[in-house]
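One structure below.
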Amino acid sequence: MKTVNKSEIFDEKKTSAIVEELQPTLFDLIALGLIIKQAHWNVVGPNFRAVHLHLDEIWALVQEDVDTVAERISTLAVSPSGQAHEVTDNAQLTHIPLGFLRDAEVIDLMTDRMSTVCHNIRERMAKIEDTDTVTADLLHQVVDGLEKQLWMLRVQGM
Amino acid sequence: MKTVNKSEIFDEKKTSAIVEELQPTLFDLIALGLIIKQAHWNVVGPNFRAVHLHLDEIWALVQEDVDTVAERISTLAVSPSGQAHEVTDNAQLTHIPLGFLRDAEVIDLMTDRMSTVCHNIRERMAKIEDTDTVTADLLHQVVDGLEKQLWMLRVQGM
Amino acid sequence: MKTVNKSEIFDEKKTSAIVEELQPTLFDLIALGLIIKQAHWNVVGPNFRAVHLHLDEIWALVQEDVDTVAERISTLAVSPSGQAHEVTDNAQLTHIPLGFLRDAEVIDLMTDRMSTVCHNIRERMAKIEDTDTVTADLLHQVVDGLEKQLWMLRVQGM
Amino acid sequence: MKTVNKSEIFDEKKTSAIVEELQPTLFDLIALGLIIKQAHWNVVGPNFRAVHLHLDEIWALVQEDVDTVAERISTLAVSPSGQAHEVTDNAQLTHIPLGFLRDAEVIDLMTDRMSTVCHNIRERMAKIEDTDTVTADLLHQVVDGLEKQLWMLRVQGM
Amino acid sequence: MKTVNKSEIFDEKKTSAIVEELQPTLFDLIALGLIIKQAHWNVVGPNFRAVHLHLDEIWALVQEDVDTVAERISTLAVSPSGQAHEVTDNAQLTHIPLGFLRDAEVIDLMTDRMSTVCHNIRERMAKIEDTDTVTADLLHQVVDGLEKQLWMLRVQGM
Amino acid sequence: MKTVNKSEIFDEKKTSAIVEELQPTLFDLIALGLIIKQAHWNVVGPNFRAVHLHLDEIWALVQEDVDTVAERISTLAVSPSGQAHEVTDNAQLTHIPLGFLRDAEVIDLMTDRMSTVCHNIRERMAKIEDTDTVTADLLHQVVDGLEKQLWMLRVQGM
Amino acid sequence: MKTVNKSEIFDEKKTSAIVEELQPTLFDLIALGLIIKQAHWNVVGPNFRAVHLHLDEIWALVQEDVDTVAERISTLAVSPSGQAHEVTDNAQLTHIPLGFLRDAEVIDLMTDRMSTVCHNIRERMAKIEDTDTVTADLLHQVVDGLEKQLWMLRVQGM
Amino acid sequence: MKTVNKSEIFDEKKTSAIVEELQPTLFDLIALGLIIKQAHWNVVGPNFRAVHLHLDEIWALVQEDVDTVAERISTLAVSPSGQAHEVTDNAQLTHIPLGFLRDAEVIDLMTDRMSTVCHNIRERMAKIEDTDTVTADLLHQVVDGLEKQLWMLRVQGM
Amino acid sequence: MKTVNKSEIFDEKKTSAIVEELQPTLFDLIALGLIIKQAHWNVVGPNFRAVHLHLDEIWALVQEDVDTVAERISTLAVSPSGQAHEVTDNAQLTHIPLGFLRDAEVIDLMTDRMSTVCHNIRERMAKIEDTDTVTADLLHQVVDGLEKQLWMLRVQGM
Amino acid sequence: MKTVNKSEIFDEKKTSAIVEELQPTLFDLIALGLIIKQAHWNVVGPNFRAVHLHLDEIWALVQEDVDTVAERISTLAVSPSGQAHEVTDNAQLTHIPLGFLRDAEVIDLMTDRMSTVCHNIRERMAKIEDTDTVTADLLHQVVDGLEKQLWMLRVQGM
Amino acid sequence: MKTVNKSEIFDEKKTSAIVEELQPTLFDLIALGLIIKQAHWNVVGPNFRAVHLHLDEIWALVQEDVDTVAERISTLAVSPSGQAHEVTDNAQLTHIPLGFLRDAEVIDLMTDRMSTVCHNIRERMAKIEDTDTVTADLLHQVVDGLEKQLWMLRVQGM
Amino acid sequence: MKTVNKSEIFDEKKTSAIVEELQPTLFDLIALGLIIKQAHWNVVGPNFRAVHLHLDEIWALVQEDVDTVAERISTLAVSPSGQAHEVTDNAQLTHIPLGFLRDAEVIDLMTDRMSTVCHNIRERMAKIEDTDTVTADLLHQVVDGLEKQLWMLRVQGM
């Protein structure tokens, strides 16, 4: 955590505890967003259109989550970080292969990456459940949206 | 350039010439988008609100340009690339400092980064002006939009 | 619980614990929706119009809840069930009398049925409050909406 | 037919003749709506997304038909019936299997159930073609919409 | 029937047969519209608001019917007539009492006037059912809409 | 003036003075609306489309004025009157010829009738300018709108 | 009729009888649409703007009818046909002169072509009135819309 | 707490415990809304426009919270209170100075008052976290929105 | 009147004369708005829904008037005042009883309070009719809107 | 005043008296609109964005006033005048300096020019207050809108 | 080229050179539009829905291009031609087979036909690049849109 | 050219070359906009309505072009100029006669003025085609729009 200003909401210790879970979540979500766009542009195969459109809907959801999480960090008077090199160094998410990708392969890759992000956020969320119910509720909603999309991806791979 | 499929539009040589200018443009625009969001979340000072809102408008414009350029590459039957580590390695754009940033400083940083991107794209654009007028026109519009925002940033620093 | 696929979110035991509360909630909500429509078509009396329109608003809310709950079950990789005979056999809700119904009677019947559903969901919700905060939050919102409508019905019977 | 009030539109005999065709239509359409939602939530396979979205469009159409038919019965001063147990006992439509269903199977099941409902309504419609042209026209539109969806389902199974 | 131009659609005899049913329908619908507005402005009592709003919705429906019928006459190359003195002389509809009217009284008066208009149109409609199915279908829709409103009024008087 | 209830706004004498100017205005505006529709349906000639569309816009304006004036009377606790026979007996406006009308003739007829109504309202408006500035302002707006349309009609006849 | 699949709606004979009237209707409507666009682009004269805009409205209506009729054929499990050479060979409609056309001439040409299409459809409609009331009602609506436009064109030529 | 009706949701003791935290929250939010409007009208200085518009957005948010909290009290069958004298006597919030206020001063005043309200609600929220998770979630959302605005105000004062 | 800046519009004396009528109007309107919300939340009885919705519409109107009047004071370069304690001390309006209120009682209370406010504003309006026609017209519109609502309330109590 | 046609509204003398105040108002408003755009394009400095957007809102208001005043002149059957050379010769408004302008300077210049226009219109308005209340009300609204903007500009210069 | 009026834009030689490229483009685009609709109605197979919807989007794009090109010809004062027989005789595009078509076959056929049209337009575009940059830019946009769709079709066939 | 700031885009010489073509274009477009409004208010004759509406559409287009050109000048760091006296002195466009104008005359005048502006811009555009393709493309779009309107005007004069 870099610059901590004095916040009117919590003392510094509590603030740090919360942001320690939010900042890595932000890195993961930004990386996920870029992976989704990569797939959106590179998917090929008979289901191209359905997958292409579906990925853009998930991207819009993830982009909204990115803003929600970053602005919650700012709300707690800590500076959020999200530029390319920081994301590359810190996101806990394997990138996907370069080049065109067949539609079925895209479904598998996305199911895997989305699942990883959901598990990561659930673990972090558990740690602050009692520290700040307001932040916890924000993460519940992030997870709820991502898990619903996970279902929609998962059943396409069955 | 990784995977080149056979395109119905141009032969491989002409395709490569065009994509060699589009792919670095894509890297720059993605990096620029992440820098703009970083500033959007970290700006402080009396002009916070005006700058905060303005940056989100520029971000929306840049995000649209990102999709336009990436999908033009796909249209030419080449796989576009835009994940975090690729952007970090290839974008020709210095990141901005971590932590909170005063409003006037943000204006200076954004004017500088936008200016760099505009010059880079103008140089690349010049090389394909005669190769493919359709792609050239797309880049004209990208530059036109970015330069207009550059004006709006520049005058705030006067 | 019929077909449990392997879910990436929880182990089978935890999944079952959650779905055991969600599936009966789904049956109740579908039955409630059909009861509301029955009343919507059969209400008579001087307050017909206000009651007729009010019931359609409640129905739209309940229908949205139906989708939310069913898709949460699917999200957990369990098959939700909601056809007519399943609802008839499992919903914990007494049907309302056949034939036309006077407006005041409709208010009493609806207050009673809505109240029953709210209590049922509150009891189930309590059991998973700690098991899965994400699902719990979903049910909080379902209950919040239904209870607000309950107030609007209750005061019409005073 | 339960409660027949005195109607200003037709005498009791004519009213009964019409409602005898409308009430079973109402039962079939409600059952069909629940079957469609069941499939909407339980479909799996590569075409998940297209089928999932398509079923919601058909459901919206059927739900509108449900209201049209029920309110036509009320308009004729007869009480319409549509609660879960009544639908279970009276709808002339076999339910679909429990559990998840593959996309191709869903297409077959829906084609079959939609086809059954269309034939049932066409038979009933024929009986009142001369009794009440106004009601007949309503059913023409119901059938027209359902048959168009039937085409869109049928060709997906080819 | 005043001015009959030569129509490309039907010969003069058939045209006259149709318009003989449409013109009196037009007079009735205009008179009905003015009666509804009179009631809309003069209703008093505890149900004022619901009745006041409901009448405006019915008026909008009737006004649309007025245009549909008048323009169908024009379509058949006959001049439609609808000024105040012509409506006064020809509409087969008793006006309602002057002065303020209690809400329950308004319901009775409207039920009666709407019922009269429906019966009149049904009689006329029957005469052209075989002459011109296109015009007949238009009248089916007019009657369908008015009878649905009749239901909504009738049940308020129960 | 028929039924005068006790109003909280003005005493009976002042109320009567105002309504004496509003009620004839209401009769004129209703008659004008029916005349406009008559022309809307009966216009023929090369400018049919422009005139037909223009008349519907004026009608919408007049219909809004009708409601404004009638509801102002109700606001003053007096019953407004506007059924067909009352309008026929009281409106100070000559009806237009039956049958189809050429476009240029329609312009002349409408200019004349609109001009008459404007003068009538201006005279009545002058009488209550000091009695009730609130009602006066309402009439200013009615006149402003009608006179603007008068210009648009007048120049078409030049 | 080329490819007849097995339909769930009618037997092959009944299906053929209906489609024999729908397919030529489709050819006529497509030809009519192209004629309208030709006039839309080539009209000149003082009424240019009104005619130019009016033709685009009629075109939108005709294009909707084209889809309605073609998809009804598909619904009956027969392949509809509508490419340029098929339309040229089969449409029963004389094309209009090449080159620019004065506004009054356009009105005459359009009135004639629209009138021809209306008569053709009315004749075909009559043959299936009892075979399939659902298809018949679709054609009623097509004719109703076209005849209303015919009125609007006819009066402009007066 | 004044009038407690019998509620179907909780017993009287639990109801009281919840409302004891909601009613003072309601007083604070109403007072805050009036303070925000006072500042909205009285702000002066170079940043007038940004502050003036920003305050109206916060006001709209607070007004929505006012309704949410008051209607939750009603939902629990207790009468909410919110008239001017009750707010004056009970709100735990110091008013701001009369007269025009410079833009920077407004930012400081608003940061202080918003901060006070957030702390008050957090304390009350903590007391009912386990009593009623549904009400608690409502307050989480109220606090989340206010704290986000607090950030936006705070950084303008840096 | 507290802080009077130099205005470009009127001299200080004229300004004071106008604001002396506007500021008490502002106090009354704010108090009225809070009374309306109090009733909106506390109404019970069979007409709950109509009254509940109606009050929210009136509230929206009053809130708009509050802004209009306050910003007119600012326009005249005087600081408007509207916080809770100022309203409590200065508004010339009796508050309504605490606790739930039956629907008929609400109608009576609202008719009385609205009537009081209308009379107060009419008296103040009369004093500035000649001083500033622009401000006077603003108040005409405020009164016109309130009196129309007064009618709608009054007839519900008949 | 150039071409006066015979008007149905007023005699020539009264018409001239009104238009003598309206035409110079039109010149001033057009000049003001062009000045506002000049400032909109040339403003620089830290408040660029707020001022740039604000000026466009004022411009839209002024442009609406321009149309209102010009069309009122036409309504009175006099030809309005508003081309560049006429505005240059007749508008009573000093132009602003060429070249870029700092934000604070823009606020001062606009406050001055808007103030001049308001005073000019108030003087002209006073002369026709009794001649034509309809035109007077139009000018009240023009002034009300401009003075409100004047407040918003003035406080930014404090 | 049939009727060339005198144009204010170019001399006759330059005009002819441009239109010689635009008119065949118009024929191709109209033929393409009809082919797309043919496929839209005749596609069958598991991907029916995605292909059916996609084709309608492409059709809307092509139809817009048709209008753009035709109206550019008119703008140059030459009469555009686009009726069925002219298109049949002049379009440089092979029609597709009659009868139902499987989804994969449709993708291949459309990729081929779209590719042909793109190449044809690129060749014509090259010839007028220097003659008229305004027309050239229009064709750039037509090609850009078609090529993007070509990508979306091409990847579905991989 | 007055104040040239240092621009990040081009050196001073290139900047001047471009702005020397843009500034006179701005003068012409502003003058054209005022001429169009003058005609909009002064047109008389049977085609009044079509011409009046058409001119407002052209005005909106021209006004958008004005902003585009002026802001492009600012983007190049040069101050644009557009006040009334500057336009009067520099626009290369003859004004139109004062007083009312018949509809046919308006068409001729507008065709002439629009044609002049198009030629002027085409000449200037040609000079910068190679200097700055981005600015050139902006002018292509301006000319494309104006020439399309020129067609629509020209054919009305035939």
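Which chain is which? They are A, B, C, D, E, F, G, H, I, J, K and L, in the order written, and residues in each are numbered from 1.
Rule of thumb we're sticking to: a contact is a pair of C-beta atoms (placed from the backbone, for glycine too) under 8 Å apart; a residue touches a chain by one contact, two chains touch by 3 or more.
Note that the coordinates shown come from a computational prediction; the quantities given were computed from them, not determined experimentally.
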Comparison of D-E and G-K by number of C-beta pairs in contact, larger one: G-K
Counterpart interface for A-B, drawn from D-E, G-K or E-I and sharing over half of its contact pairs: G-K
Distance from chain L to chain F - Cα centre to Cα centre, in angstrom: 43
Chain B and chain E, separation of their C-alpha mean positions in angstrom: 63
Rounded Å distance, chain B centre to chain L centre (Cα mean): 32
Residue list for chain A, restricted to those that touch at least two other chains: 5, 47, 50, 71, 74, 100, 137, 155, 158
Which chain pairs touch, all of them: A-B, A-C, A-D, A-H, A-K, B-H, B-J, B-K, B-L, C-D, C-E, C-H, C-I, D-E, D-G, D-K, E-F, E-G, E-I, F-G, F-I, F-J, F-L, G-K, G-L, H-I, H-J, I-J, J-L, K-L
Contact footprint of chain H on chain C as seen in their complex: 111, 115, 118-119, 125, 129, 136-137, 140-141, 143-144, 147-148, 150-151, 154-155, 158
List of chain G residues in touch with chain K within their complex: 2-3, 5, 30-31, 34-35, 37-38, 41-42, 66-67, 70-71, 73-74, 79-88, 91, 95-96, 98-100
Of all residues in chain J, those that touch chain F in their complex: 5, 8-9, 71-72, 74-75, 77, 133-134, 137-138
Chain I contact footprint on chain C (complex, rising order): 47, 50-51, 54, 103-104, 107, 152, 155-158
Chain F-touching residues of chain L, taken from the complex the two chains share: 43-50, 52, 100, 102
